[in-house]
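These are the structures, in structure tokens.
You will see two complexes here that share chain A, one where it goes with chain B and one where it goes with chain C.
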Partner chain A sequence: MITDILVKIANAALLLLAVVVLNFCLIHAAPGDPAQVIAGEMGGASQEVLDQIRRLYDLDKPMLHQLAIYIGKVLQGDFGHSFYFNESVTKLILQRLPATVILVLAALSLAVLAGTFLGVLSARKPNGLLNHFVTFFSLAGYAAPVFWTGLMLILLFASAIPLFPISGMADVARPKQGAAYILDVLHHLVLPALTLAIVYMAQYSRLSRTSMIDALRADYIRTARAKGLSERTVVFKHALRNALIPVVTMVGLQFGHLFAGAVLVETVFGWPGLGRLVFESILRRDYPTLLGVLFFSALLVMLANIATDIAYRLVDPRIRLRR
Partner chain B sequence: MNTAPPVPPALTPANETVAIVRISPLRETFRLFVQNPTGMIGACLFGMILLLTLFGPTLYEIDPFDIAGAPFTSPDAEYWFGTDYLGRDILAGILVGGRATLTVGAVAAIITLAIGIAMGSLSGFFGGMLDTTLMKITEFFQVLPTLLFAMVLVTLFGASLQTITLAIGVVSWTGVARLTRAEFLRIRELDYVKAATAAGAGSSYTILRVILPNALPPIIVAAAFAIGISILFEGGMSFLGLGDPNVMSWGMMIGQNRNYALDAWWVVVMPGAAIFLAVLSISLIGDGINDALNPRLRKR
Partner chain C sequence: MSAILDIKNLTVTLQQSPGVVPVLENLSFSVKAGKTIALVGESGCGKSMTALAIMGLLPDGFQIAGGSIALEGQDVAKLPGDALRQLRGNRMSMIFQEPMTALNPVYTVGDQISEALRLHQGLSRQTARERAIAMLRAVQIPAPERRIDAYPHQLSGGMRQRVMIAMALACRPRLLIADEPTTALDVTVQAQIFDLLREMQQDIGTAIVLITHDLSAVADITDEVAVLYAGRCIEQGPTATILNQPQHPYTRGLIASVPHLRLGLAAAQPSEALEEIPGMVPGLGKRGPLCGFAPRCRYSAGPCLEAPPPTTGTGSHQVACWHPQGEAA
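Right after this comes the complex of A and B.
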């Protein structure tokens, strides 16, 4: 099992290196002078800055040499300098990363828990009212653009039900300390996390419903019922555990999508995370920041995949004991 | 000596009491699809949206970029969907904007399918080193968050309908590739493929004429969802201001008006509802096809 995971990590490292090479290729494939691209803000950089960039990245040397320089810089954690924010890209990203991770993890947990619960309930009565609701909800949740869902929630909670703040991560007018601050952040987190969760809740309810229906048909469920176990034990202990395996797979696969969805949600709710940073960098054509975020998001997706893989082995004894 | 062996009477053409009707799988699927209420609701809804975007702008002759009235006119008899922050007619925007959004969705889905099917069929059919290489490439693309990658591409290469469409297609083919590969791996081992090979069929004939038609049904379902996702991506990018500024689109309408949503709900509700209904109708169609293809549901 340990060697398996080590192989996975080595594989992930290679993929990350490929992302760095991709970033390098993008800088050179983009229309215009690579120095301009690295400087960002097309046309806004002074000659002095451009010359400095040419020297820093050895832009007059052969391509392979440049690539080596670029990879070397990335390995040192240097993704360049954002001229718009006047800050190193790595620093910018690390500042914004926690907010996004909080948002994504909150949305993911909400989506998995609520989605699986709905799916399990509806699987027990495949032709019941709840089942129709879940089917409709999953279709609607999938079809509504996430930024629009966010705006609809803002419209609803701004005046009709003013329970939750609709913008930002904390109360700026009355800054809080300690536990009160954490509560304040959680309070602000409700709407963005709910918005992001709705899309995926729909998918998880659908997935867990299908896999639960399959699991409830299995022979071991008949055996469990024949043993005289209570319905609750049969459903939640015997069937659910087996039905969860596809759900776990999905969590790993969807982390990247969730992350991209966060870009839109953060923009709608003014959540100060990486997504908001992406939006600002797009507006300013701040290429180094954009490419840095692309790298970091790939890194996060890869970490999530490895974590899923480990979770998978812990949940499923067939995989755990194979070798 | 040359006489043919006697044919049992039941099989002679003269005895036509039992006729074997060959139904092509696609026609059978279509028949079942038409009987499926979900799919038909989706098809009707989508048909309506298509007609409105095709003929709407000719019937409702207001330029979506023109200032048609006072800003934030609420929906009334003259402006059915109201006007936006500049006083532009929202209904006109939705009718014209649908063209860009739906075209990008359809073309991006075609690109997605073309890349996905090519990668999946080659790696599933040939296996070996080619499979390993192509799957590594697929894995690489799966690691990059799709929408974010598309945004980076469009920012770098300039926001036009072409780059947006290409970018969406280039980032979203991995699912189709995996699906196609799985189908090819399964079908490759079936007897009729072996028979075709034994009869001397070459690789390209086997891939295109023998395996691909049989692998198509699940790919068609994936295609429906690919169109939906492309529309959502286009919406998301134009919402962030990454759309073509000279072309009206639903996402752009929401993006430009979003700061005024609290004062005038219709400026964001209307175009968003258009995206919602378009994607909903397409996924209903996808669901309908999926049900029609599912042999377990067929026997009901």
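Right after this comes the complex of A and C.
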């Protein structure tokens, strides 16, 4: 098992390098001259200034040369300097990364736990009232665009039920430390996490319902009942663990989507994470920042995939013990 | 000695949209401690439904519509769910046909054997584990201390069926139902499993209901045979009598369709064509009150098509047929 995981990590490292090269080429293929944008920010420029900017950022060299310089820097952990924010890209990203990770993990946990629970409940009575409610909720949640759900929640919680804050990550008037700060962040987290979770909750409830119905029909469930186990043990011990296998697979596959969804949610709720950074750096043609964010999001997705792989092995001994 | 299991006039029905369809009709048989009865018949004749009815595990839509199922004098057909659960896996247990799928793939065999012990006998985790190892040793699994932590996919089919037997017998049940326990296994393994069942039976004194369509298995290990056809018992009696002097044309057909291996001089003779019973078991809802076998029976005539067959017989050998056949076929 350890060897398998090490191989996965080595593969992920190679893939990450490919991501760096591909992103670099794609961005350079896009129209627009960063030197002109930078000069524009400075309030106009002569040819001389443009040339100077190009020299400063190595923009005057051939693309392959630029790529080689970039990879060399990335290998040393240097993602360059942001044109627009005028700060080290690494520092910019590390400032924003925690917010996004908190948002994505909160949404994912909520989606998986609540979705699976709803799915299991509806699988136990496939024609019951609860099942119809879960089906309706899933379709509605899946069909609604993330930003729309977010806006509707803002409408609801801004005026009708002012229970949760609708923007930002913390109250600016409070000190940024201690238990009070953590509670404040959690309070601000409720709506963005819920918005992001709803779509995935819908998917997990459908998936776990299907796999649970399958599991409950299996022969080993009949064996478990023949042992005289209570219905609760049969469902939550014998069926659920088998039904979780496809759910775990789905979590790994969807982590990337979740990240994309986070860009929209962060924009709608003013959540200061990577999503908004990427949005701003695209608008400003801030290539170093954009490349850095793309690198870190690819890294997160790969870490998530490795985590999924480990989780998968923990749930299913047939994979863990395969030779 | 009183019977461990005594079934009287058991009727099971299936609720379907047009109405109620009989699945088992007026089934009666009993088994004493340490004895084995075989329920024999083709697929779809109601063998497995009988087993599930006894265990109280009938699928949705099926229900016990009449009769009684007495386990040591207690009618389990009338017990509420909780009381029935306390009997299952404890005083009565069951082995299923497919050892490949009947064990849960995500738990070790030790977990699965210990589960019933901890539930019914209140053993601690450690004691249950020791007992589970002892059970694995009893069903002749080599290196039980190591196998106890194996997952089902790491064991062969025969091993898995041994695990199933260990699991079913862990609480030393009074009644064991074995639903085609060897169908999915190699012939050599089949013999081992039957030997094992017999040994365990002698040890524990369990009554066994063996469900099978394999008459060759019946000869060796059972004391009595009940032949089922389309949800009814058509012939019943001591194993030797049923195999040597079958009276119902269906039983005779079943016995004639078992291939015999000829060895030595006999092997050189041209072999006879293996007999078959033409047609199929009638489907649910297509069974009238008349003899269900009549449309496939070469002797069917006159009364067969007019009235239900009477049950006749001498002593323990009973047959439901208008034209029971004598010794000379």
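Observations on the model:
Everything below uses one rule, namely that the second predicted complex is superposed on the first by the 283 of 323 C-alpha atoms of A that agree within 3 Å, B and C clash if a C-alpha of one lies under 4 Å from a C-alpha of the other, contacts with A are read in each partner's own complex, and residues count from 1 in each chain.
As a working rule, a contact is a pair of C-beta atoms (placed from the backbone, for glycine too) under 8 Å apart; a residue touches a chain by one contact, two chains touch by 3 or more.
Predicted, not measured: the structure shown is a model, and the values here were computed from it.
Superposition note: with chain A as the common reference, chain B and chain C can be accommodated side by side.
In the superposition on chain A, contact of A:His132 is made with neither chain B nor chain C. Looking at the shared chain after the overlay, A:Val263 reaches chain B, while chain C stays out of its contact range. In the superposition on chain A, contact of A:His65 is made with neither chain B nor chain C.
Looking at the shared chain after the overlay, A:Arg55 reaches neither chain B nor chain C. Contact with neither chain B nor chain C is seen for A:His28 once the two complexes are overlaid on the shared chain.
In the superposed model, A:Arg285 makes contact with chain B only, not with chain C. Of the two partner chains, chain C is the only one that A:Asp219 touches; chain B does not reach it.
Touched residues of chain A, counted separately for chain B and chain C, are more numerous for B.
Once chain A of one complex is fitted onto chain A of the other, the partner contacts of A:Ala144 are limited to chain B, with no touch recorded for chain C. Following the chain A superposition, chain B and chain C show a smallest Cα-Cα distance of 12 angstrom.
Under the contact criterion defined above, no residue of chain A touches both chain B in one complex and chain C in the other.
For chain A in complex with chain C, the residues that touch the partner chain are 218-220, 222-230, 238, 241-242, 315-318, 321.
Those residues of chain B that touch chain A in the complex are listed here as 139-140, 142-149, 151-153, 155-158, 228, 232, 235-236, 239-242, 251, 254, 258, 261-262, 265, 268-269, 272, 275-277, 279-280, 283-284, 287.
Those residues of chain C lying in contact with chain A across their complex are 55, 57, 85-90, 93-94, 96, 98, 101-108, 115-116, 119-120, 151, 153-154, 164, 167-168. In the complex of the two chains, the chain A residues touching chain B come out as 15, 18-19, 22, 26, 29-31, 37, 139-140, 142-148, 151-152, 154-155, 158-159, 253, 256-257, 259-261, 263-264, 267-268, 278-279, 281-283, 285, 287, 290-291, 293-294, 297-298, 301-302, 305.
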